[in-house]
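Heads up, the next two complexes both have subunit A, just with different partners, subunit B and then subunit C.
What follows is the complex of A and B.
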């Protein structure tokens, strides 16, 4: 077998074990939290009778082990079960929420990743001169502000003052793609500003690191202009660290945007998970947790494989 | 400027401003008297309902775990949705009187034990099925049977037997209750086909709108029910389409209203209400209600079993300061009873407990408390501003020499681990339509939610006597005695009654104040229109 394929297969195997461990951990943690779904649903309105009735109905009166392995059996056969709280099938809910989350993450990534790379290259080209300083200053400022603050600022200027964009991102199937993009314009802008700096700084640092090498000096001495040197000689050798940072930020765009979802009332996975934790809806928490873990694991595998492919020494190991 | 004028002229028609005031404000804005008069005439013209359009409401209080099963409703969004597609037997009007919905009329026996509700004839559910007394009975059965997990279980469990007699639904109670028709207005008790036994989440009822799409925790869309029994669109439920949009974040909610994406929002934060009201296209409307914020002590647990200590704490409570600082004036001071003037049969002559540090110190001395810290538990989620309110209470109590200490608890699990478990904590009550229901819910010895452990046989006897008493003067007297008793000896400390603070676009007309709930008790869907 080709060493790369072997590596991917190995990583996937370990990934599955990790997912199993993650699901057991999440289940254990939800069990440790005070209260259960029945109490969370009834809240202040709980009476001992209604609590007992609801617990029996939800099957919460059975031992934790039984419930976990039942869930595990279900998920092995592709059945995520129904939510404890509103009896809706989790699979349908997750599908629509996940597609919303991916929609937002996709457009944020489409804009932020190329932008970060280009800005990083420009910053290297004009290292320590004003373009570099402006780019670094703006991106560092935007990463330093909390996300909700950036969101509120954008809402204030672009939704409340100028009426250019909607203040909350409500999307549904009856909207055209253009309408949907208009609806998510502000959250995409916020996410772009949040992830830009990390990727841009890493691009800059990785390329600058390579620029110290002897072969770059050779390239310069043979008369290539600076952009050509960066593009042809420096960038390919700096791909590995950049890809790692890009993947971490992509994972963040999928699993870490709950604050942005709340501020823009965007119906994504983060909001769904938070509601489920508050209501102790364990099957939903497990489903979301496992999906989030899977996203992280897959993106990390991709990052490793791309780093290896980008490096001829690793690509053809002796 | 013209929007400012429009807003002012609407206030004149709504009776919130005199004509003279308006003319002088208009003159100050540089508008001639003739133009100002025309504006006023236009505003009056806008008071005729206009049919059509879409009404969008941004609502706090929705989760992706919500369901359309009325038995499960506890937060604002599902309750709002229920008001779209469903109706109960009766409704409580803004003035506190009752009017019929699914029930056309009702009458009680002399001992208030048997109640007969005549079901309105010729009305249909949104699936076309005719509404029968059998459906009504099954609805009550579903909420009150042994398997019930309904939020209305406490309300309907006093029912001893039920039967139908043609188009009449008859309830017999174990103990007479003159307020039974009021209890039937509870928002959980939506009449469903076969009581919802077949499909509790079908969202089929007799309401003015029909639910078209429901994304829990995101939004609900409903369109006008063309067969609504209450009349056509020019009479009631004027909109073609209504959208309920879940906006849990306060800033998102305000921004959505300011940018014109929604027409009204609930739960405006008191600290920004006055600023928001300055916007020319927005009115902030606050309605005194029955909801109140409380500090509750278990009177069967030391040191709160000592009434002198309770009185010391009650006198150390600076209610006026809390209304000003916690509610920013959007509310009124409480008097250590869960009842205020918004309730029928309220006795205004019960003396108001004053903030008096000397008396507090005196009672504290008499209590002989050993000086160990008195722990008050609080959390952000106990009520808006609960942590700050606890801090204010601590300061004034310490000024009277009472060693009050605050223990901050996490929001998560507060209602299961702290409220009704720990001996002294912060909480809130939403209020009930009538005194009997409020007292029965939390101050009867046997009540599940007796969160002050108020167990007095003589109080229970008075409550039951008042319940079956059909003579209003006598009832009022009994309630007054009960109020005084609770005020003097209870473990309940009520610093304030909170208003419902809503914000509405000035294009929405027909808004009336309704103490029964936010957003005109959700009748904004039915009773308002857009000019």
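What follows is the complex of A and C.
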């Protein structure tokens, strides 16, 4: 078998194991928390008898192991269970929430990733000169501010003062794409500012590291201009570390948007999770946890695979 | 003079240095150098490290490596002063009129791109050829340089070809845009001796066939004698002597040139074998996780107070043998007897006495010392560890050892960064001697040093051998070193001992084919040597 296929298969296997471990951990954590679904439903009015009855009815009196595997089996067949609060199947709600979150993450990524790479290249080209310092300064400032702070600042200026964009990012299927984009413009801007610095600085550091190599001197002695040297000879060798950071930030765009979704009242996964936690809707919390874990693991596998593919020694063995 | 292609006048080059414990300041590293290169001629620049030869070579492309700045004088290429040219004009010159071949092709090729793309890049960029013509020219050059499968080798990635082949690809890269001048910067120094002569021959033929002029930079006078028309000897940024190759090699005027020419003047009388202190019997070894033995049935003896030279090319197993003897790599089979005791295979289970009596000196003195410890601490450590010496007693012994390695009193408080390459290696020798060993394994201890400095280290080692009666297992690829210091020799080839005996036995014909190839490949300071050797070869070199 080609060594690359083997490495990719290995990564996929490890990813599956990791996901299994994460599901067990999430389930275990909700188990050790005080109270359970029965308690949550009955609330303050619970008597020991009614609690015991409801637990038997819901199967909660059975051992945790049995319930874990039952739950796991359900997830693997696409059945995530029923929400306690509204008795609706979790799967349907997750689907619509997830598509909203991915829509937001997608547009944030489309803007932030190329922008970070280009800014990183410019920072290298003008290393330690004013363009580098301005780029570093602005991106560092934006990552240093808490995201809700950036969000409120943007709302204040662009929604309250200038009326350019709505402060509530509610979208639905009846809107056109342009209307939707207009609705999410502020959350996308916030997310972009939050993830930009990390990716841009890694791009800068990874390329600068490569710029020390002897083959960069070879390229300069061929008469290439500095930007061509960076683009043609430095960047291809800096892909692996850059992709890793990009993927971590993409994962953040999906699973880390809780604050931004709450501030802009955006109907995504983050809102959904926060609601479920407040209402102690354990099955929903479990489902969200597993989905977030899966997103993280998948994106990291993608990063690993791209790093492997970027290495000519693995792509073209001797 | 209008006939000169390259005309350098009063070239001054400066750099900012950051010495430990001092403020950074500017120094001048080249102090006004004049020379010419005529079209189609080869000028050899020779000198030790720090002589400024690479810096001068790169100045022909208006390039200063690191913090180096071209501060004065003029460098005229085809009648234009490149030091006064705009960045744009300099870029038009680089890769078109002047090209560069570096010492390490392995580092100078971009690992992420195919060889062909990199070879033709400059020619296409400067509009000398279109892509397909450039590729055709590259293939012709690959063929001319004796590369295997010249039509397809360009599709490979740098890691897919050997070091010697990559060095030839680098030469093709430099010749592809039809430059007027090529700067060769130690192009064969990193290669094995048998590979070196093939590459040297390929470069020489390519220079002759394309009619290009060249600056050939090296520290090896014997190498430069084979390719140059003229030679300029440099020392500490100044010209020592300039002349035709014949004048420099056969009739040097300056003392420094004479010292370079007559290097390796060590007198050493061969000793006859006695009851061995180290006996290696039938050692077979392989690295963990691999499927092939790297040592096959290796047996050698070493008598007390004598030197056994283990010679061979990279990959022949000579350093692996050292790892087996020191216990870092337990062998699969075979025994090692040392000072009458059978050594346990792995190092952790050896007694402190075994460890003390078997010391090691490494190729890179730099990385073998803790940069944050003073020389006194470095040498003092084995004195504490093996003999429990403390205080005044320890200081006295450190001083004795420093005297033995011919370094003065002040060196005790210095840090490794404040020492020269030769001085560092001397400290490593003192550290090994501090343990009062019976055997020191010397792994390529002089290969990172300049010839004159290396000579000093070898003389010191021989002197210490007389005083301390210590045996050396001397691992090297340099046969000149072997001739200078060995009592017996083991020639290794592909993990086997190919030829073994006293020095006179091993160096007396008839030879087996490999020993013949190895011995004949050592460059000699003789005009026309290269052609004679190639014509009389019985075996292809391994690096091809």
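Here are a few things to note about the model shown:
Here, the second predicted complex is superposed on the first by the 285 of 318 C-alpha atoms of A that agree within 3 Å, B and C clash if a C-alpha of one lies under 4 Å from a C-alpha of the other, contacts with A are read in each partner's own complex, and residues count from 1 in each chain.
Assume contacts are C-beta pairs under 8 Å (C-beta built on N, C-alpha and C of every residue); 3 or more make two chains touch, one makes a residue touch a chain.
On a predicted model such as this, the values are computed, not experimentally measured, just so you know.
By the touch criterion stated above, A:237 is placed in contact with subunit C alone, subunit B being left untouched.
Using the contact criterion defined above for the overlaid structures, shared-chain residue A:209 touches neither subunit B nor subunit C, since it reaches no partner.
Once the two complexes are overlaid on the shared chain, A:87 sits against subunit B while remaining clear of subunit C. Contacts of A:155 after superposition: subunit B is touched, whereas subunit C is not reached.
Contact with subunit B, but none with subunit C, is seen for A:167 once the two complexes are overlaid on the shared chain. Within the superposed three-chain model, A:99 lies out of touch with both subunit B and subunit C [touch as defined at top]. Taken together, the two complexes place no residue of subunit A in contact with both subunit B and subunit C.
Across the interface of their complex, subunit B is touched by residues 33-35, 38-50, 53-54, 57, 83, 85-88, 93, 96-97, 152, 155-156, 159-160, 163, 166-168, 170, 172, 262-265, 267, 271-272, 275-276, 278-279, 281, 284 of subunit A. The part of subunit B that touches subunit A in the complex is made up of residues 63-67, 69, 72, 74, 146-151, 153-154, 201, 213, 215-219, 245-249, 251-252, 255-256, 258-261, 412-413, 415-417, 419, 427, 448-449.
For subunit A in complex with subunit C, the residues that touch the partner chain are 213-215, 217-225, 233, 236-237, 310, 312-313, 316, 318. Listed in rising order, the residues of subunit C touching subunit A in the complex are 61, 63, 65, 90-96, 99-100, 102, 104, 107-113, 118, 121-122, 125-126, 156-157, 159-160, 173.
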